[in-house]
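Here is the structure we will look at, set down as structure tokens.
As written, the chains take the letters A, B, C and D, and residue 1 is the first residue of each chain.
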Amino acid sequence: MSEQFEPKIVAFVCNWCTYAGADLAGTSRTKYATNVSIIRFPCTGRIDFMLLMKAFENGADGIIVSGCHPNDCHYTSGNFHARRRWIVFRSLLDFMGFDTDRITFSWVSAAEGTKWASLVNETTEKIRAKGAFTEFKNLDLETFNRLHDEAIAK
Amino acid sequence: MKQLQNKVAELFDNGTISLMIGFQNALNKQPVPCFITVASQVERLIYTPECKGNLAVYLHKIEVKQAKKVGIIGNVATLRSLIQLTSENQLGDIEKTVITVNAQNEVIIFANMDEVEAYVQANFPEYTDEDKKLLEQLNAMSRAERWQYWSEQFSVCVKCYACRAVCPMCYCPSCTVESNQPQWIKVSSETTGNLEWHTMRAMHLAGRCINCGECGRICPVGIPVHLLTAQMNKDIEAEFGAKTGFSCKSGYALNTFKPGDKEQFIK
Amino acid sequence: MKIGYYPGCSLEGSSKEYNDSLFAVAEKCGVTLEEIKDWSCCGASAAHNLNHDLSLALPARTLALAGSQGFAEIVVPCAACYSRLASTNHEISENVTVKTKIEGYIDLKLTADVKILTVFEFLQKYIFPTVDKHIVNKLNQKAACYYGCLYTRPKETAAVDQIENPMEMDEVMVKAGATPIDWAFKTECCGAGLSVSRTDIVAKLSGKILEAAADRGAESIVVACPMCHMNLDMRRPEIKKQLKKDINIPVLFITQALGLSMGIPADKLGLNKHYVSTNKVVNCIVKMEA
Amino acid sequence: MARIGVFICHCGENISATVDVAKVAEKAGKLSGVAFSVDYKYMCSDPGQTLIIEAIKKHKLTGIVVAACSPRMHEGTFRKAAEKAGINPYFCEMANIREQVSWVHPKSDTTTQKALDIVRTLVEKVKKNTALFPIKVPVTKTALVIGGGIAGIQAALDIANAGHQVIMVEKKPSIGGHMSQLSETFPTLDCSQCILTPRMVEVAQHPNITLHTYAEVESVSGFVGNFDVKIKMKAKSVDYSKCTGCGACWQKCPSKKIPDEFNEGMGFRTAIYSPFPQAVPNKPVIDRLNCTWFLKGKCGLCTKICPTGAINYDAVDEFIDVKVGAIVTATGFDLKHADFFPEYGYGKFKDVIDGMQFERLASASGPTAGEIRRPSDGKIPEKIVFVACAGSRDKAKGIEYCSKICCMYTAKHAMLYKHKNHEGKAYVFYMDIRAAGKDYDEFVRRAIEEDEVQYIRGRVSRIYEKNEKLIVKGVDTLMNGEPVDIEADMVVLATAVVANIEAESLAQKLHISYNKHKFFAEAHPKLKPVETNTAGIMLAGACQSAKDIPESVSQASASASKVIGLFSSSELTREPIVAVVNRQAPPNYTSCTGCLLCQEVCPYHAIETEEIKDRAGNVLKVVARVNAGLCQGCGTCVAMCRNKSIDLQGFSNDQMLSEVMALLNS
């Protein structure tokens, strides 16, 4: 049997809640999938949607975006602003037919080490089931082939 | 037509304006923008329903800014641009005289932005039937079909940035798409890069675009890019009840929030 | 502009005089009320103790009919009916799922939103503008306005501004030239729920109300609720036993009181239909010189 | 050309047990730009740090990545080490391969690979790092205390005694606040004024405290350490430099029938007045709304009488500007007032009064000289009913919260009444008795057991007058809801504690947040109870939530200590993790378009405008500028700036993008 697909997943998390939550998962030795690597931001409000696009372009199969629960933001309202942008960004992606299931948004507090662990595992499973994000990765190739075929046809 | 020309001539004579941005007939009888600086040339001015172009975009040109006293004519979409730009502090240093021609073919010269607001709010435009149809079709498609549709559209984009050049809301002196430190978007026009460019453009215009549709009209390879922002505005209005180019005071949907904003998509 | 009218059972039976006086007053001011065709029972007192859905479906049906018959507003003089219709309206407008469920039961659409007017809202809105030129008498007396429970609770559907100290009827009585008294029993319970089953309790509760009114020197009690009226007017013998004293303050419907001040004859207002004689009121009327 | 050093820590066995540290070190050494890489047992230990310092010097490293525990743990440690070695501390980054790798994954190649990925990511980040320098903000060592109640007084004294200047602003003619109105204080029953007035005098005489009574804060700008405050000095119509407070004027003033605020309307005062005998300063102001001179232009008696010619009818409101480094808000509370309880006849029946009015009746300095008499006829009540939770914990009244002090002062009131009228009967209607505090429950027990105050657990539905008596209709829930009617001579309502009526407008001036009941919001409900979200502004007393005296005083001292801490150095050092608006060559000067949409997103109002001028001083354009003193570095503005004109130091676009690229491209 062929070995199972191991998705690459990038997690964009805020320093004060989710990053600390991930640390807690560590200190309490909670084991979880190796597929997710964290990039640390001061606040979810700092997370630029372009970074998500770049992550996909560079081969991410899935993305986790996570920060403080509403009203717990270290900067009082960064996560509220982030949430609004996500709402708009998601509806744009959806309108473009982009597979929004590849992005998991979540609130994970500094006390929710176990939530972080299960979030990582669930996301990994979900993305593994979906398979590699070839839809995006192969865009340029497909375009090339299509134009090529058209040229041949002419 | 005569009425318009006389009124504009008047504006020149009493020194209200030193530059008039309007339309004239090109040789092919298509209306094209024209810039008039002396009363004697006003007979070049025309204004017909075909004059769809959004002249507000020229207000960012340094020559126009320098002219200071500027007259500008346009349809509701253009007026909405003026409102939106005012709310974004972009027209501070221009003494503008705003002119439009209403359905009854009367020339209206607005005394101030409040009047412009009132007029816009009274004649707030619907989406064109064509756009409505397209949006419906797209929304009716399955996700995969939409992805297919757009990736094919974007695959032919040549990154000429005409969509940006024609947009009155794209006034940044330097655009992120050209930034190379860091290099956000590939210079060459590959589909992924093109998709990123159009995503970014749509996000930057979401909640600011005033639906003039120029970007779609101008695209040399016929990508209906205006649908992206049109859809965004629809969603934003539905979600947050914010209208663009509606009032100089009404804020920007994406620099504010409500504690109760929906979040059922967040785990 | 036609105004809908929902009599409910009481105004066709026990409180006919309420109905008559309302129409008499309206007629005098040239306002026409049009009865909602095919209205059904509001389910008061029974339905909401038995089956919640039923208690919504019954009033909902009437509301749907009113909507489909093109009424933007309906007058509901009976406090119990008002309470049922108002709370139904509240619940279906708050909760879409309930709404659709109920629509399923009654097989009608609850599209139009129909405004439900209490009798005093109606008077305020449609009678007051023209009433002054019709007022010929001064009800020269102290009146105790009694609101009871159904207009004043729950908070969400209360028909009055201050649920603990409503003033709406007092304002009407001032128009009628009476002096509304300030008293503490405006919203006490008259025992309506037990009107038939436990007359002893009714006597006790209504007795307190009558006594309080008497203590504050009221010469008449004014109500806008058939149940209140029934208890305060009809249960005097029991109340007499309870209080060991005889209190014969007449109890009028708000529309009757206003009607008197408008010079409408007592019998047309159904003042002869009461247990406690209303002569005391009629007698202290003072003609106003034009 | 970057020369990065990578230092892989074993953390004893903690990392090396599951991650092949040697391999990571070896692979990391091959990364472009990495000039040195090594693994070691304990990087955070002294030898470990020395190893780093030596390596930096020896290999002329331009930046380092320490792959060890979480940066939340040791970032500081290693940044110091980098600094010791002579490079800017912000050229040090940490790769978290313990909490987020070795502790959560089994020993395997993938685990090692993940550790390497993270190291690579941080190597790419550190390449893009720039030298950052702590932001120094000068601190004006003067504190502004808003409100002269007990909280304000305590805070002011603590700060002043620590040797710092304090400016106190009180809107009333005298400081003292609500506490000066109280009779005795629970749970000790010592006289309120006896313990308060010495403090008031201390404030007035303290060399470090400048007191402005009859004054209000007009506007506040600036930021921590550097607030500019405009204070409105309301026209007192009396020249305090001349006035000796002899009192001749208020003894002679003819308009004597003005309801006395200090006695809660149960006594009278004159038009020129000092609110109470022990007022500080004990000098009068003229109440222009009630003074015959200002109403009719006649009288002028006080001018004739005043021996020092201090009266000045032409005085006008004046404004002074002060510079302060910190602000303590101690604006206190109000009590919910009349027409709130139509069912209780409050404001309708003379003998239904609120708790503060009872305090005045019970106070020796009050209108009845301490005898508890009915306002209506001055009779001594034989039966008195106290209603706790009059409005508090009552959704229908829109106040869900507990007013906290009522249980205690109601017990106190009942006690005081019983002590003065042994024959009298006192009843208390209550929901729950909340007497959690030192000696508090004992106090309530005493009221019940020794003073035989009758406590009835239940609410009052209605109060009305019936032949000279007040009928209190209630219910006793401990007697299966048995209705209780009490014929009382007097009723005291423990009306809800609500926020100061001007709280909202002040909060907006200060840019501090407040809850839906207009009580000011603390920065963190548990761990930052006296700070606000605006750095440099503290909270003291009941302006934050209902509080009794001990609580207000301790919170005041807490906020004072925060201020003193802030003043402990003449400069404030802040992490340079702040947003900056870029600069470019003319003609752009900056890519910022000045759309200023970013101003709205900033939680700290840190984004200001800046005019870019040419040499002639003509404004070329107005753009955004980040006030480094206010910016806390969340970066919300950065993510929403369309053309990336704002960037966040330490988490710049360049750094974050490099991280993403590096993580995904092995």
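Definition applied: a residue touches a chain if its C-beta (ideal position, glycine included) is under 8 Å from a C-beta of that chain, and two chains touch if they have at least 3 such contacts.
Since we're looking at a predicted model, the values are computed, not measured.
*Asks:* Any idea whether C-D or A-D has more C-beta pairs in contact?
*Replies:* A-D
*Asks:* Per-chain C-alpha centres versus the global one: which chain is nearest?
*Replies:* D
*Asks:* How many angstrom between the C-alpha centroids of chain D and chain C?
*Replies:* 52
*Asks:* Using mean C-alpha positions as chain centres, tell me how far chain A is from chain D in Å, no decimals.
*Replies:* Chain centroid spacing, chain A to chain D, equals 38 Å.
*Asks:* Could you work out how far the Cα centre of chain A sits from that of chain B, in whole Å?
*Replies:* 33
*Asks:* Report the inter-chain centroid distance for chain B and chain C in whole angstrom, where each centroid is the mean of the CA atoms.
*Replies:* Once rounded, the distance between the two centres reads 59 Å.
*Asks:* At least two other chains touched by the same residue of chain D: list those residues.
*Replies:* 601, 640, 653, 657
*Asks:* Multi-chain contacts only, two chains or more: what residues does chain B have there?
*Replies:* 176, 184, 254-256
*Asks:* Multi-chain contacts only, two chains or more: what residues does chain A have there?
*Replies:* 49, 54, 77, 81, 85
*Asks:* Touching pairs of chains, all of them, please.
*Replies:* Here the touching pairs of chains are A-B, A-D, B-D, C-D.
*Asks:* Where on chain D is chain A touching in the complex?
*Replies:* 70-72, 96, 98-100, 103-106, 108, 110-111, 114, 117-118, 121, 513, 533, 577, 601, 603-604, 632-636, 638-640, 648, 651, 653, 656-657, 659-661, 663-665
*Asks:* Which residues of chain B touch chain A once you look at their complex with the stated criterion?
*Replies:* Residue positions touching the partner: 138-139, 141, 143-152, 155, 176, 184, 190-192, 195-196, 199-200, 202-203, 206-207, 228, 231-232, 235-236, 239-240, 253-257, 259, 261-263, 265-267.
*Asks:* Would you tell me which residues of chain A are touching chain B in their complex?
*Replies:* Contact set of chain A toward chain B: 49-50, 53-54, 57, 70-71, 77, 80-81, 83-99, 104-107, 119, 135-136, 139-140, 142-143, 146-147.
*Asks:* Give every residue of chain D touching chain C within the complex, in rising order.
*Replies:* My answer: residues 341-343, 345, 348, 396, 462-464, 466-467, 471.
*Asks:* For chain B, which residues are in contact with chain D within the complex?
*Replies:* Residues 88-90, 92, 171-176, 179, 181-182, 184, 204, 251-252, 254-256.
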